[in-house]
Amino acid sequence: MKKIRTAILGATGTVGQRMIQLLEGHPWFEISSLAASDNSAGKTYGEAAHWQLETAIPQAIAGMTVEQCRPTLDCDFVLSGLPSSIAGQTETDFASAGYPVISNAGSHRMEPDVPLLIPELNPDHLQAIEKQRERLASKGFIVTNPNCSTIGLVIPLAAIHRKFGLDAVHVVTMQALSGAGYPGVASMDAVDNVLPAIGGEEHKLETEPLKILGNWKNDAFEDAEMRISALTHRVNVRDGHLEACSVKVRKETSPEEVESSLAGFTSPIDDLGLPSAPRPVMILEKDADRPQPRLDRDRAKGMAVIVGPVAPCSVLDFKFRILSHNTIRGAAGAAILNAELLYRKELIG
Amino acid sequence: MKKIRTAILGATGTVGQRMIQLLEGHPWFEISSLAASDNSAGKTYGEAAHWQLETAIPQAIAGMTVEQCRPTLDCDFVLSGLPSSIAGQTETDFASAGYPVISNAGSHRMEPDVPLLIPELNPDHLQAIEKQRERLASKGFIVTNPNCSTIGLVIPLAAIHRKFGLDAVHVVTMQALSGAGYPGVASMDAVDNVLPAIGGEEHKLETEPLKILGNWKNDAFEDAEMRISALTHRVNVRDGHLEACSVKVRKETSPEEVESSLAGFTSPIDDLGLPSAPRPVMILEKDADRPQPRLDRDRAKGMAVIVGPVAPCSVLDFKFRILSHNTIRGAAGAAILNAELLYRKELIG
Amino acid sequence: MKKIRTAILGATGTVGQRMIQLLEGHPWFEISSLAASDNSAGKTYGEAAHWQLETAIPQAIAGMTVEQCRPTLDCDFVLSGLPSSIAGQTETDFASAGYPVISNAGSHRMEPDVPLLIPELNPDHLQAIEKQRERLASKGFIVTNPNCSTIGLVIPLAAIHRKFGLDAVHVVTMQALSGAGYPGVASMDAVDNVLPAIGGEEHKLETEPLKILGNWKNDAFEDAEMRISALTHRVNVRDGHLEACSVKVRKETSPEEVESSLAGFTSPIDDLGLPSAPRPVMILEKDADRPQPRLDRDRAKGMAVIVGPVAPCSVLDFKFRILSHNTIRGAAGAAILNAELLYRKELIG
Amino acid sequence: MKKIRTAILGATGTVGQRMIQLLEGHPWFEISSLAASDNSAGKTYGEAAHWQLETAIPQAIAGMTVEQCRPTLDCDFVLSGLPSSIAGQTETDFASAGYPVISNAGSHRMEPDVPLLIPELNPDHLQAIEKQRERLASKGFIVTNPNCSTIGLVIPLAAIHRKFGLDAVHVVTMQALSGAGYPGVASMDAVDNVLPAIGGEEHKLETEPLKILGNWKNDAFEDAEMRISALTHRVNVRDGHLEACSVKVRKETSPEEVESSLAGFTSPIDDLGLPSAPRPVMILEKDADRPQPRLDRDRAKGMAVIVGPVAPCSVLDFKFRILSHNTIRGAAGAAILNAELLYRKELIG
């Protein structure tokens, strides 16, 4: 089988590095181009990147020459790990030039014809691509994945919403340092401390799930109807976002039944055999002192969402904790899984 | 002025050490006895204690001989920093033998004739002492302070409750390591991690405020009527409990008015001149990225509660963050402040 | 091929857990018994162990019943991860009863007929087993691996010593928390701190290398002749001991030649195909800011020793840094590699 | 008494903030100007500074307008906390314009007529000012303090050198994060990690002590004769540099006598009553597990050097550990103490 040629935008950053790590030995995709800032362009990747991961830079990658982020890359699609500040224009340029763009950036997530995709939840949202292509007058398009803290939250929410209908969601996050990229959070701010109110993050948590859990209907996205309130925090943890979540449901039920809805969740993509799709997508933990970032973030290669026991909440109805690996399930792995779905659907390749 | 002779039970523990530190140079109290486990009894305090604080052991204290926790200590009252496992019986023994016992332990907090005291909030609860003395058939008695995570929470709640009436409170804590005592949390559990569900803590947060905010009426405590839901976590921070709190109020109001109720809070003890009482008891911070444990825990010598900006909550009504120093305002300082009120009320000394 | 039945003593501890993790899917060995304290005996392993590792407990292991540490286990040899306090007698009991004992404990390391084995360095020390068997009047015997901080140090020392002759070694360690076991170091001691002078560790570093680098001659171990001085510290790192080392050599040479001696090191076991043996055993890093615990400890599955660039030392001759994974290369992996050598030499199985 | 008007250069940085904190309530000096980068100039200090310290910004300071670093400030002398990258030219400009410049920067430390001053050790080096003034053709001049890691080291070295003569010094540092300024070290590099080889730091440690312990003779500095070898590391500690030091002395002696030389050290400035001078300048700790950064860095208000027990070293002669607060004794406090000496000597004011 001939592999699909993949370009990575923002290849030297935190998310770009994870994309490279996760694509090593990928059965369908191979990295054909690495692109980054003009600063890095022209250098070998080994020279340009301040590699932050515990596994070594793949040999073949270290020697590749970094290119500029211009829509002349030789590839079948691009994975974008660009920071939002420059993703907006650059990704549009690529899509307009005919490239499928699978993006982790926030810039285009809420656009009315851009899918905010989690393959296990809303693969039908890919229908929006058609409309997007018309707008761009191009065969290219943009598909995005949600913010890292949204992904961990919305997967269990989807399971509960489908069974019992969600009325309200209250979430308090304890997010890992890697979510801020590199250099990101100063060590003097992180040591012996917690940082409240990550910029813009609360708004993302309160709005992105509505789009994801909503429908594509009459050529437009229709938000799910529920209220979400979020309080975010950065804690002194390298990887793994922990979220304390309380929900109010529309249909009376019990903690046991909520747990069953989580444990028994099935997805429309279960039978597609996507290489990065975890089976199951959620792992339910029975111990009250789980999930924990260090012990649980790497389960199912960092692609599963770990949910702790469900307890009654005297203010809303139920409460539980969620953990997901923010740079794998919440970013690089999310984008790759999106690309896998698009390949299966013959939208790339 | 002759100083009041104070004995410290559990003097070698984390709370006991803070009591000693905070009493250094106290205008009213002087330490006359240090008592701890049989293991430590007979040694000098300098030998017996694994001193954990940044300031040195006070010279005079280091040379004192540690005594056993038996009700034969030569003092006017006892401050108890005992762990709950042994506080129950020991404190009862002291009270029955005629000692005023000012306790930080959980054992007697919810007893029907034991005040769960925060001087700024419910000094009238001291009326219960009379009934307690009858039960014990002793002039001795027990007064307790709340759990460390409760104290930071209930002070702002009291201000809001008084003005607008609280219907429901949702709180998610990020608590410091020192709250678990010494050796407490293993470093392997703390590094690069968050530990969910601190044992018993959620129940305390959901019940203690009801007693504190309630009334002493017809010789009994009557709980305040509100629902509280808590999710607790241990984070990699030395001192300072951060809490993310959302509230539903009974009377319509605005974030600005809630902030005013916090900033303008006055207390019945404001004019008593208690040496450890912070003025004001709450400090309102305007920046969304505050309070932070490292930067704010030591304000007003660790006795103030720092509250961040109040924002609308789309699920309940308002949300904000709270920080308090868990071993000062939340434990040793709380007990000392209680003792100061009792002294002013001529219940000790 | 029938697998060799392996019992693990101290199976619930930090080292025991790593042994279990590393033996999952081992080509030669299978775990037949798990033994631990009387406290744990009778429970399933899943119940008895407070599992600390990022990978899950192997399914088959979780359900096994923990046995007592008595020499009646049904196995071909025992791997001991016991704490030193009880390893001394227990291991002797097993050896006397006929079991080969591959131990990570400190108890028997310096005995005159017990090999202190690093397969890459001193496989000929296995000759001492014959003498040991005579003493014990048993076909059983004990083979030990060095202390975790010694292993990382002595492998590069061996390379330099072989080529240039070592006169003096000065080493300052920055050791990981996991080296103290569980619960081990209290988080209050670890956070925002460094702990000097790990108990007994400096003596081990100053003496164990002399035995390892020495010879078995005329039925006795003869120490290598060199002076070693060590200063040890515990730092706030989960895994991976970093050591700053300066050496004085007997034969004049250059930093480049010392680096060559490290990079070009070959071992007598290179051709034995031991499954856990890293190839090469040492990895030389060229960047001055390497090795780093987080980035380098897991290289070669935690079994390699990473050495930074060699620089001239104006007090001794050369200086460089060393990193090794303390619970893999420095403990569980070291013991398993020893067992593999013994199996190849037909001393077990 | 009229206070000396003090300007702070680099007032918004890590060192500048400490200078402001330490000068609050200073008996001799008052802050008359705050200067920083053009970015900050024109703002109030409260707006311009990202305040990092546990104590609040002094009220009067928060409202002051930040000025540019130009030699037109209205003050009697300047304290410079500038980064080295710009300190070189800026400080020369100030000195040439007639200002006494008391600098913490590295730029001018090794110049042949600039004192590298530690008041307790080499106050006679101030003689060099005369020559410097000639060169600059100004009444202004520059006096520097050593690098933060040098200060902690050289104070005990001075005591030993004076009594026994130092032949060689081997030092391995474990340095705090605050030494890198703000934002400084990225949290992703600091968490669960140690960073080797702080840029340029080893060279400073190997050369600055030679100047400090040397003599001003015939209008020139003459280095002390000894060899120093340094290996530096950044550890996950907020404040407090720990150093593991081994020394070779010229005159035979014992660990006890070395300890006596440290404990009994007296300084030429002991009788000058400088407000920031700690008495004694060194504190000798008897416990092998001390000094520790968290427990010992704040002793004597962060101005003392804490030395652990002295032990024999089998490679050199003696070994011991040193701790000093890097932003107080090692930077801001050092500069202020220098200014106090200069005031006493009537070189400023």
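In order of appearance the chains are A, B, C and D, and numbering begins at 1 in each one.
In the analysis below, a residue touches a chain if its C-beta (ideal position, glycine included) is under 8 Å from a C-beta of that chain, and two chains touch if they have at least 3 such contacts.
In this text, all values refer to a predicted model and were calculated from it rather than measured experimentally.
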Practice item. If we define chain centres by averaging CA atoms, which chain lands farthest from subunit C? Would you check? Key: B
**Study point:** Comparison of B-D and B-C (more C-beta pairs in contact)
**Key:** B-C
**Study point:** Interchain centroid distance [CA atoms averaged], subunit B/subunit C, Å
**Key:** 47
Point to revise | Cα-centroid distance, subunit C relative to subunit D, in whole angstrom | key: 42
Study note, to complete from the structure: For the pair subunit B and subunit D, the C-alpha centroid-to-centroid distance in angstrom is 41
Review point. Listing for subunit C: what residues touch at least two other chains?
Key: 52, 191-192, 236-238, 294-295
Exercise for review: Spell out the part of subunit B that touches subunit A in their complex, as residue ranges.
Suggested key: 168-170, 172, 174, 191-197, 206, 227-229, 231, 233, 235-238, 242, 244, 246, 248, 288-295, 308, 313-316, 319, 321
Review point. Which bits of subunit B are touching subunit C when the two form their complex?
Key: 14, 52, 177-178, 182-192, 236-238
Practice item. Provide the residue numbers of subunit D that touch subunit B in the complex, in ascending order. Key: 51-56, 191-192, 238, 294-295, 297-299
